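A quick write-up on the structure given underneath.
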């Protein structure tokens, strides 16, 4: 059994910007999926913003173990209904990996509940990523640091919640630092944010970056059956209580009532 | 200088339900505010769902150090614009305390990014809260446990993110447990969730509960100046970089561009 | 390739106490190992306090992927040198699982850096464990709660550091609660504390308990090569710096010096 | 009422090394204490390694709200009994701040339960500290980053447990990063690690560094009464259980027994 990965690509700059098209002739999502398909035990497909329902129908999400999200220029074009559907899938147990400028993607902001702010500079400067959580599964097989010669800078403060674990921190030639690899869990779903990947640089052709992404897929994968309605708030009636209790005091709710939302 | 607290009350069951009106002749929010106003260094006022903009205008939020939120029957009636305004204020540094059924309030779900699910039973059963983080400021002056003779049960799993700290865990007579006091930080804002407070029981007249709430106000209070636009993502141009760097490689953005959102 | 588990048993009450010997004719560690050996992909052996170096020689630890620790009556008899060796192995990447009264075992206290206090009562009362982190790998295949009809009570406050994740919380018939399943990472080593397992009750014969332990073994297992000297603090000389820098200012250390410890 | 701070200084290099004596004519601990004594509401005194019991008698610790620790060359000379006494005080509620090379001080290693490893280089290079937790009380009044022109480098991986909050991350000219400000709680005691402060550089004369330390003192201060024996594990007898239960099954312990340690 393979881990089924869906790579979601915004697919805007690949079509409009010559430089991006040249760096990523297979598109960015296509490049990421092609690399994942060389990893044993992973089967990756792609969908894009332009697909019907952005390619993220209920059926597609049900058949996705881990979703990877890259977006930048068109965050606002993503349908709020699809965002809710993606979040529901995550809460039910689907893994999700957000790349680079997806820090401002709607599902990331929705899952973080935070401003997700940062500072930035597009100058093709050197980024060096340091592993901060030794032998973390997402860092398996990596050296203790690696470099990307050309990258966009993202700087702290990064307005995200304190993570479960900080896996990478980046050094930038211009003087900034950034928490570049962060893990979270929301509902039953594992979430990983990974910083590198500006579209004008060949970041997703880099072997270390590809390894981080395939490691993260394995880390985020939850083999359990998806929880159907993760937000359900079931009533446990008095006569089904695990310990014998007697109902006391005034009541607001009626028997069998669903509760307020 | 006093800490300025605003208690937001849904104010529905106090008006419609005889039992609630009798238990809380001052309303629930009024009871909480009256108790806080007896605490040195705290000045509390109230607003309700029925007020213009639910009482949470930009001016009111700017004059609020800590917001307390109680809602249950009318979560869906809260205007999404007000929810965003409240979250922006939290990210900028306003403290916020969510009580009981506010686990499904829009701003709580928005700040948690999680399903916030739980199980529940309205049977007037005994709840016993245990302090799990010794001498946490929110537990100051409390015994190592205290009881509420009549409460609604909330049971695990509670679908919230792993907290910064678990301050209280509840035991219920019917056999369930619940993480009853949880701390978070989102942006610059401190967040506390506190479980007790079903509207048909006299929970907010209880001295220990009142102490938790006044402690939590002091804990959540951030004396710094509010951050005006916490989601801003400023560009740091190459010629203002802290270390001298030279621009390299292709560019996507133009000088002075604001970046995508 | 199997995960190599070593179950460390104190092996005192099995020898001295008739009740314990009857409940665990194979000893406690023997029972735990026998159960693990029925799990696919796990090979378990046992060692005891009475073995030379308590069975935890450098060779044995090098051949152990995950160590399980049960102790109670003889914590003080464990040699401090063995404790340091175990902690070094954990820091280098060996997984470790502490069971029940091992909350006061020397290696647990050493790895937690905390008092590890709790309250307790031996009354054969009902314990009910609730899963608090939905679909956590350690809870895979379990219902949302399960019961142990006869257990010793452990009560909060439990004096351990805030965990990475709280996986289980226990309810006790006598009115207490306890965080019963907690995850940590120290150095490269994954750590799990699991509460149940008083020696006079048949806890380790319980199917749910056995499943938690085998799940925890898989969760704690780190397939990377063990880090040889996890406490090393290497000097990076100026001429090997990743970015060109010039030495400036006064110096305390000499070239090639090891640094202070 | 003032917060009573004790600054513990190793006081070795100030006596032996000319450069250090010139940079810190008042000694390092003396300089830190003098700066703190200019902060409203803080009263600081100093003790040193050379004092009887290193100046950390039971009486002195009882009169200390927050202890600050700087050591480097003589970690091994600190008496293990004093280390245990310090840890007990922390677990009971005393705040503690570890500075720079105290990452290898005995009480820090004891409280972390981790290898506390890092990489290092003494080259007088530029360090830039970025605030990563916006408006954290320890960063109050600071800009979003500040620089120390001459500092020793410490590089990741830093072998400490995942903190409650990461407050600062450092950028170094030579290409490394380091988590420079980390918060922890152990027992009832608040702990802060702060990286800067190599003895040959004037770091503790820097206004921003002084502000971090005085902020950290206020953050770490716990106004509650110190817990006398934080490691106590009290027995709760059956007849004093909070809920009526009946003793069942076999017993190991006798009435009134203290339990094993």
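In this document, chain identifiers A, B, C and D correspond to the written order of the chains, with residue numbering beginning at 1 in each.
Just so it is clear, a residue touches a chain if its C-beta (ideal position, glycine included) is under 8 Å from a C-beta of that chain, and two chains touch if they have at least 3 such contacts.
The shown structure was predicted, so the numbers you read here are calculated from the model rather than taken from an experiment.
Centroid analysis (C-alpha atoms only) places B farthest from chain C. The interface in B-C, A-C or A-B that matches B-D, meaning over half of the contact pairs are the same by residue number, belongs to A-C. Simply put, chain A must spin 180° to overlay its Cα atoms on chain B, rounded in steps of 5. Looking at which of A-C and A-D shares more C-beta pairs in contact, the answer is the pair A-D. With centres defined as mean CA coordinates, chain D is found 26 Å away from chain C.
One finds 31 Å separating the Cα centroids of chain A and chain C. Per-chain CA centroids place chain A at a distance of 36 Å from chain D. Counting partner chains per residue, chain D shows two or more touched chains at residues 128, 133-134, 155, 159, 162, 164-165, 173, 175-176, 185, 187, 230, 242-243.
Chain D meets chain B in the complex at residues 93, 128, 133-135, 140, 145, 164-165, 173, 185, 187-188, 222-224, 227, 230, 242-243. Across the interface of their complex, chain D is touched by residues 128, 130-134, 144, 155-159, 162, 164-166, 169-172, 175-177, 179 of chain A.
Every residue of chain C that touches chain D in the complex is listed here, in rising order: 13, 17, 19-20, 72-76, 87, 91, 101, 104, 110-125, 150, 153, 155, 159, 161-162, 164, 173-176, 184-187, 198-201, 230-238, 241-243, 245-253, 259-261.
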